[in-house]
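Dropping the structure in here first, questions after.
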Amino acid sequence: MKLLILKPKKEFIKELNREISLIKMKKFYVDDLTRDFSTQYGVISKKDLKKKSGSVVKSNIGKEFIVLDADFIDNYKRIKRTSQIMTLKDIGYIAAYAGVNKTSKVVDAGTGCGANSIYFAHLCKEVVSYDINPDNVKVAKENIKNLGLKNIKVKEKSIFKGIDEKDVDLVVLDLPTPHNAISAAEKALRVGGYLVCYSPQITQTIDFVNAIKNNPKFIPEKTVELMERSWKIDGLIARPRRGGIGHTGFLSFARRV
Amino acid sequence: MKLLILKPKKEFIKELNREISLIKMKKFYVDDLTRDFSTQYGVISKKDLKKKSGSVVKSNIGKEFIVLDADFIDNYKRIKRTSQIMTLKDIGYIAAYAGVNKTSKVVDAGTGCGANSIYFAHLCKEVVSYDINPDNVKVAKENIKNLGLKNIKVKEKSIFKGIDEKDVDLVVLDLPTPHNAISAAEKALRVGGYLVCYSPQITQTIDFVNAIKNNPKFIPEKTVELMERSWKIDGLIARPRRGGIGHTGFLSFARRV
Amino acid sequence: MKLLILKPKKEFIKELNREISLIKMKKFYVDDLTRDFSTQYGVISKKDLKKKSGSVVKSNIGKEFIVLDADFIDNYKRIKRTSQIMTLKDIGYIAAYAGVNKTSKVVDAGTGCGANSIYFAHLCKEVVSYDINPDNVKVAKENIKNLGLKNIKVKEKSIFKGIDEKDVDLVVLDLPTPHNAISAAEKALRVGGYLVCYSPQITQTIDFVNAIKNNPKFIPEKTVELMERSWKIDGLIARPRRGGIGHTGFLSFARRV
Amino acid sequence: MKLLILKPKKEFIKELNREISLIKMKKFYVDDLTRDFSTQYGVISKKDLKKKSGSVVKSNIGKEFIVLDADFIDNYKRIKRTSQIMTLKDIGYIAAYAGVNKTSKVVDAGTGCGANSIYFAHLCKEVVSYDINPDNVKVAKENIKNLGLKNIKVKEKSIFKGIDEKDVDLVVLDLPTPHNAISAAEKALRVGGYLVCYSPQITQTIDFVNAIKNNPKFIPEKTVELMERSWKIDGLIARPRRGGIGHTGFLSFARRV
């Protein structure tokens, strides 16, 4: 995949005594490099699309674009979705909190479209993902194949019935009744490993945390939500964006002891 | 390093018709394994401290503790500090947003006590860190040595005067006048790489973003703050903690094009 | 004005073993009581619109509605707008913080569509409002007349040039360069009275607060923002709404000494 | 009651090329005007305490203070407390949302130390407050007497057993099982009036909202929380305060139809 960035253009307007944005930066994702790519700012030829990352190319109507090679995260954001995926702030926090890296083994459930698996596979040694829905498994496998990741295994199986893997460093739950997966996670996690529950609902979070508190094999660490607030900054303008802070989910962390 | 977890103890009190927490979970960090470790719940012998991770041991007054091997993040949280370090939510978001992993090269400044370098060294291929303060450089090197990391180079040098490295995937700035480092970052980053500015002050963030907007080699992506809100959940109690949401810093992301 | 509330209707569906919402509650504002009122749920006759507050009436297609007399706040929310008006959380906080009531004299600027004046006139003894824009003054006067308020005076005049009133309890600023109004507010406020600046921009807030700090006749009390987060609660569903927390403005409070 | 404000003092220090705060503004509350008042900045004579609001007086060691008459809110903040009281942001929002003013009749429960009653009595025509705890009733009556308010009646009685008043404009609940008071509020409120539940716990809020949804005499309007974030602004420093955003309570609004 490639990205096309429409180059922004500003001009100082004497009459107004300030700079005006004539063209706003715009980002386009180009999935098919075998064809010309059309935008409202003109057509970019397939020859130009293949140029080196960072090249400036012109559309047929003379607008300037930057051609960019897609990075992992660009591709990750574009995977086929079956439902909402965890945001980068939440998944980044889980990864940091659990301290996983290239030596780590991760299990996640439900697979969904595979987003969590894909993120952790990029970061870690191996990922095993559980989902009972064959449609999810199919979409996830397709996404994984498209990104060329070799270290993910997707299993069409309920995590509630057990995790086959042992010595797991991190288990990530993103499913409707997470408290039902605690016993499976207990057996799969190494001592010191983390169980993390992501849930949009406080009710499910309450059920999960209370169940963890009754399991002596886990230390409940904390339940948090990360609220991301975006700011508009432009010259003398500096304020939080009106759009606001959207809710994603509650994160509950527990450590296997 | 080891962790000692005081095992919590609850009991159902008939008269109250509910469970009461008799002993609250407590975490102790044991840096020195050559000596017995004293707590207000009794002394743990050095012999017991060396037991396998997950072992339950008893203090001399009979209280039960779990012995845990320290993970990377346990050690990271305990490094010697010269000033405030970036929180896991912020550093985790930077890592996720930039999509760095074991193949990535990262530059950061100022080094401070080395926390950012250490986190990225755990995750990435190599890290180079700049700081003009010799005291910081000294503390950071000590911390890095204690954690046994081999892939960090700390340079006592101003990042404003230039970055020696090329083809860098991510530059992280955590210093008072981040806009002064933009030109150095521009030369060091590969096309598609990320420049991230972390600043507690909105005033410095405004200066940084406005400078980025005037540099055609960067696409300003966004400025956000992550607010972490912690919840207390215990039986029927479920509410955000009174302590509240503390401010850490504003994160501004820009992409090199 | 009247309100029409479409009565919600739920039914227990045996096959699903749960209640389903068949008709969702809906609110309609009826400004003209001399005509029948049409909705997608049928037409309500003008005769029915005049029924006592709380009466249940039926549309011509048999849907049930509740007729409600409009309260002050219903009318307030429906005033003609020239720009964004302060939200109830912000204006309610200003009123509470300054402790104004039926004995208080309030000055505000700029008038805009008159919303702030109208709110404080509902609560206080008298309000004087300043705006240099004749279009604003016109719209505000119309809104004030429609609500039947007699205790507001709107002046087409710059507050920067001075406030005619003395012994004012509260001055509320909602305009682009609030620091220019500090000197006028200083002369108008009684000792112990409050000057409050509402500004969407942090940059203007910074200018205002720094100017207040250099004026010995004011004690800077605090600068805050109120973030309103809305929750969806329905049966087992309980989570913050996705729509999120929108930014309104920063509130800076100073006390005249 | 009087307030004493220690006058802040800044000085430009040539060597540092900037202003330094030598004395920070400090606020003292003086309850007893028949005696001299001691502070760490010296003693203020009782004669000086009686000077006109806004007078500058000197302590026996020459520090300057401003004498200020206490306003309603100054006194309100100083009432004797039996437990946490609702914050001004929350109570101000309730007042604004319900649109109450000098013509309104308000009922609240539990009375606690009387803070809610006192606030609404300052704003409205009359307030009736219910509490089953005789200690609370005693403290509340004392506070009410000290503030000289004549329009509050405190009843030592459970609101769950019914509200004696009719045609009430606003019922405010701040008690552990608010859903038990819905039926009493239903009978007391006029059509169009508001029932507001304040609760620190999401669990109680869920119970309340679900009960309201099953009562056809109420329209559930919304459940929100107001998060107050405080900023530090001083010269070039401008950032949210570290202390952070503390949780107070969830507010649920319902309208009687």
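In order of appearance the chains are A, B, C and D, and numbering begins at 1 in each one.
Just so it is clear, a contact is a pair of C-beta atoms (placed from the backbone, for glycine too) under 8 Å apart; a residue touches a chain by one contact, two chains touch by 3 or more.
Computed from a predicted model, the values in this text were never measured in an experiment.
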item: Chain whose mean Cα position lies farthest from subunit D; value: A
item: Same vs different contact residues, subunit B with subunit D, by half of numbers used; value: same
item: Relative orientation of copies subunit A and subunit C, as a Cα rotation angle in degrees, nearest 5; value: 180
item: Between subunit D and subunit B, distance of the C-alpha-averaged centres to the nearest whole Å; value: 39
item: Subunit B and subunit C, separation of their C-alpha mean positions in angstrom; value: 44
item: Sites on subunit B at which at least two other chains make contact; value: 202-203, 206, 225, 227, 229, 238, 245
item: Complex interface listing, subunit D residues touching subunit A; value: 202-203, 206
item: Subunit A contact footprint on subunit B (complex, rising order); value: 5, 7, 25, 53-54, 66, 68-69, 71-73, 76, 88-89, 91-99, 101-102, 119, 122-123, 191-192, 202, 205-206, 209-210, 213, 216, 219-220, 222-231, 233-235, 238, 245, 250, 257
item: Sites on subunit B touched by subunit D in the complex; value: 200-203, 225, 227, 229, 236-247
